[in-house]
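Shared chain: chain A. Partners: chain B in the first complex, chain C in the second.
Coming up: the complex of A and B.
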């Protein structure tokens, strides 16, 4: 049974999506309950998987009994188990938290919404557990197609945002697929572990082209600056409920995919010879600075958060590009941090929009004193974003910073400093509004729906735990998930 | 037992902050009193072991593999801890008078942020390694932000923005420096005499020194990083008094001393230009700051520039890297704190009773408020360094430190600035007590501030006198300072002062 855990982790939401789509048409209100049950099951499976992997090492599972490299392999190793646990928990909490607003936001379309949500989560879990390069593409497409649909379900401007997301996202997927094609041509295999063994003997130019294509493709999917252009509009225009699920997870899982392919297929030794890591590190540094600067210029709250994610994904790319233990540790931690932090922030932005009709940072003053618990969660998430210790966000930055300093790359340390300075300004612009601004108008709206508040507080607690428990998280989980070839 | 005392001294203010927010608003002051007394008591309990030469430790939990949230109380930390927690008691009493006089709103938020700030200051004081220090250093900034913007006027928000950008921004070079130290040496634990000696090239040490000083230089308001401090004077006066004359800025100078004496140490700084550059910046700050203070009409701004000047005295003493200079720094850190909090208390009392905040408006007020202006006079003379009052001893040691370092220029600037201190503080006394003869006639009404403000104000002035006269107090204070200098420079082979 435990051997099939990786498969179950993505099949649970995937099959439930089909059931929800079929049943939801006939039974009113079944869709949300089924979704909650499926996501709870996914969460439990992921946590069990994390526990098993930490105790007894990676779990390999072969679809249909075909051994690799013939059949498709699913692997739950320490890295995928850690990220999957974060993704499953954040998905459960954000979907549960935004449940109350779905009925008002998407009247009559709940069945459609919940099936897309489950497909999306299924695709993301699939990306995390697959050990096959082509299968990764399939899951990427499953996740992306449902994400396009979810964006398109939004209000004014959503179709346009969804269309550009679709076009750019498909370009990214195609680039990735093309890269995989080159790898297949060079090695004759699609299994990651198998390709990793053969890639050294592959023609160098072919391998280079494949690398560029894959980094470009997944760079688009993870919104790595300057390939991020689809993201801010997509998360600004999508329904609030969908944004609070997608913004925390989609780019983070795609960043995981990039780390997976680079370090587990190419491997650290090959990477250090080429320019892929340099590309990643410079892209990351540019993202850290520009994500911060662009976030400063935003007036729309969700757009601002999206640009903040551009900066945070920059930290991930920078840490991965530095190719030492500290850098990778920081990158992995920051994937988890940004998932949780953006969960809080997008849920809160949803509450602001739906309860208080607030889209813009400048109007946040209307929330003052009316939503104290949501505000408290936003304070925690915001301070984590700035990197105030001992919250989770501090440690991601700390490890990447030590990695940059250890390599003597001062300009990268300077980029992190610049990005952090920008985040101080944009975060406190928000905090100042919700905590101190003079209340405008006398509308009586109170705190968001109880589930949303609870979800915000749960995720804020995770932010704190990821911070003060950092030593445990790193030594028990992250240290095991580093690729073996790092200095 | 001692580790419990450390945990309590740091933890109680934070717990109090949470309780103040959770409990009904009318209990806010009661919680503050209880927490202030308890915190100071635990700090005093630690005095015995520390004077006995021990350095009690508390290892709370590991935060990064190989690094702990670690408290270690030594003489330097305890000096700062006693200063912050002791003055919290008087300031709480003063605050409860002030919030009534000035009709401050949001009292729970005010007292909670205040308590959290003191907790952060205690954490800074007792931090046993750089990461713990950094954690509380940032916490102090975040906790004081609500106090800076407390009045919620556009002016307060503008000051708050500048405050955050400077002070949180200043934390970033500090973070880079800490990360660099960590990768270079694999340790961040403070050690008397430093742990960087021989661990990096002179160029690297200079760069590291610059980053560290950029980080702590913002809070200690060394020019040109000082402009946040006068702007932060929009905060309610008790905040200016305890935080922007004692806790926050002293966290900066305390950090400078910690880094110079416990991270670098005299050995690794020998032959480097960097401390001389820092000393030169401090001297420039002393000279320029004094001149600017002369021209301020707003009383709180004048006091703020005076703070900037005296902070640079303290940093200068550490930058001289001589035993006597370090002793002078530590003593002046305490003494300036006492004198300056008295001056701010007076400014607040004047504002709360008369709503006057400019020096030129104080004409003749001395007769109306004799106790307030009496205290103001004592504190002014103390800050100038009149023998028999608190400022004298520290300045004496600073001067001796300058001579020890062979830096005659520093000596001249310090002495000149003492005269300028008289130049910007004594005219206030003169205007208040001896108005021009053509002032409007009639005996002015005698109207002092409320007792809740007057008592702590006079108490602080008494402390100014006691710290200059009472042998027992000076003995303890000097003992702690000499202990630090002995350990730091003893490790370098030099003798105790």
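Coming up: the complex of A and C.
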């Protein structure tokens, strides 16, 4: 049974999506309950997986009993177990938290919404557990197609945002697939572990082209600056409930995919000879600075958060590009941090929009004193985004910063500091509005739906735990998940 | 020259389709043309993978008559990729219909309703 855990983690949301789509049309209210049950199951399976992998090492599961490299392999190793646990928990909490708003926001379309949500989570889980390069592409497209549909379900301007997302996203997936084609041409295999063994003997030029294509393709999917153009509009226009699920998870899982392919297929030694890591590090540094600067210029709350994600993904890319232990630790920690933090912020932005009709940062003053619990969660998440010490966000940045200093690359350290300074400004613009502004208007609206408040507080608690318990998280979970070849 | 083209034909077709498709996607004003571009790019990719499986003098992998076999794996992969491509096309077209309903146009910037 435990051998099939990776498969079950993927099948739980994926099959439920089909059941929800079939049943939800006939039974009123079944869709949301089934979705919650499926996501709870996914969460439990992921946590069990995390525990099993920490105790007994990686779990390999062979599709149809065919051993790799012939058959498709699902692998739950320390890295995928850690990210999968984060993804499953954040998905469960954000979907539960936005449940109350879905009824108002997408009346009559709940069934389709929930089946897309489950397909998205299924695709993301698939990306996390697969050990096959082509299979990764298929899961990437399952997740992406559901994401396009979810964005398109939004209000005015959403279909346009969704179509640009679709065109750019599909271009990214095509580039990735072409890169995999070059790898296949050079090695004759698609199993990641198998390709990792053969890639050293591959023609150098072919390998170089494959690397550029894969980094470019997954760079688009993880919104690495300057390939981030699809993201702000998509998350600004999509339904609030969908944004609170997608913004925390999609780019993070794609960043995981990039780490997986680079460090588990190419491997650290080969990477250090090429320019892929330099490309990633410079792209990351540019993203950290430009994400911060562009976020400063935004007036729309969700657009601002999306640009802040550009900066946070930059830290992940920079950490991965520095190719030492501290950098990778920071990158992996920051994937988890940004997933949780953006969960809080997008849920709160949904509450602001649906309860208080507030889209812009300048109008946030209307919330002052009206939603104290949501505000408390936003304060915690915001401070973590800035990188205030006891919170989760600090440690990701700190590890990457020490990695940059250890490599003697002071300009990368300076980029992180500059990005953090920018984030101080945009976060305090928000905090100033919700904490100190003069309330305007007479509307008596109060705190958002109870589930949304609870979800915000839960995720805020996780942010605090990731910070306070950081030493344990790193020593028990992240340290095991580092690739073996790092200095 | 003819010989060269005959040997490299499928690769050249892939390059042509991919470049044409990417160009259409990048230079589009009309969303439908951009979607066509995407489809051309995906078709080019399918061409590329199929070419990888080709062996000179080969035969279909169910005839075991001593001749070398074409590699069937890329075909199997491309079946999946075709399904993905069709699904993408379907989602794109339905989104396009919503754009048309909302903006009365399928041009990228062709409406007066708001200044995005």
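By definition in this document, the second predicted complex is superposed on the first by the 487 of 487 C-alpha atoms of A that agree within 3 Å, B and C clash if a C-alpha of one lies under 4 Å from a C-alpha of the other, contacts with A are read in each partner's own complex, and residues count from 1 in each chain.
Assume a residue touches a chain if its C-beta (ideal position, glycine included) is under 8 Å from a C-beta of that chain, and two chains touch if they have at least 3 such contacts.
Just so we're clear, the structure is a prediction, and the values are computed from it rather than from any experiment.
Peer 1: Which partner chains sit in contact with A:436 here, chain B, chain C, both or neither? Use first/second/both/neither.
Peer 2: A:436 contacts chain B only, not chain C.
Peer 1: Is A:388 contacted by the first partner chain B, the second partner chain C, both or neither?
Peer 2: After superposing on A, A:388 lies in contact with chain B but is clear of chain C.
Peer 1: Answer with first, second, both or neither: which of chain B and chain C does A:167 touch in the superposed model?
Peer 2: Second partner only, chain C.
Peer 1: State whether A:178 touches chain B only (first), chain C only (second), both chains, or neither.
Peer 2: So A:178 only meets chain C here.
Peer 1: Name the contact category of A:401: first (chain B only), second (chain C only), both, or neither.
Peer 2: In the superposed model, A:401 contacts chain B only, not chain C.
Peer 1: Is A:413 in contact with chain B, with chain C, with both, or with neither (first, second, both, neither)?
Peer 2: So A:413 only meets chain B here.
Peer 1: First (chain B), second (chain C), both or neither: which does A:152 touch?
Peer 2: second
Peer 1: Would you check which partner chain A:425 touches, where first means chain B only, second means chain C only, and both and neither mean what they say?
Peer 2: first
Peer 1: Which residues form the common part of the chain A surface touched by chain B and by chain C?
Peer 2: Common to the two interfaces on chain A: nothing.
Peer 1: Looking at the complex, which residues from chain B come into contact with chain A?
Peer 2: Residue list for chain B touching chain A: 61-65, 69, 131, 134-135, 138-139, 142, 145-146, 149, 152, 157, 160-161, 164-165, 168-169, 172-173, 175-176, 179-180, 182-183.
Peer 1: Show which residues of chain A lie in contact with chain B when the two form their complex.
Peer 2: Residue positions touching the partner: 383, 386-390, 395, 397-398, 401-402, 405-406, 413, 417, 420-421, 424-425, 428, 432, 435-436, 438, 468, 470-471, 474-475, 479.
Peer 1: Spell out the residues on chain C that touch chain A in their complex, using ranges where they run on.
Peer 2: Of all residues in chain C, those touching chain A are 18, 22, 25, 31, 34-35, 38, 41-42, 45, 48-49, 52, 74, 77, 80-81, 84, 87-88, 91-92, 94-96, 98-99, 102-103, 114, 116.
Peer 1: Please name which positions on chain A make contact with chain C in the complex.
Peer 2: Touching chain C: residues 134, 137-138, 141, 145, 148-149, 152, 156-157, 159-160, 162-163, 166-167, 170-171, 173-174, 177-178, 181, 184-185 of chain A.
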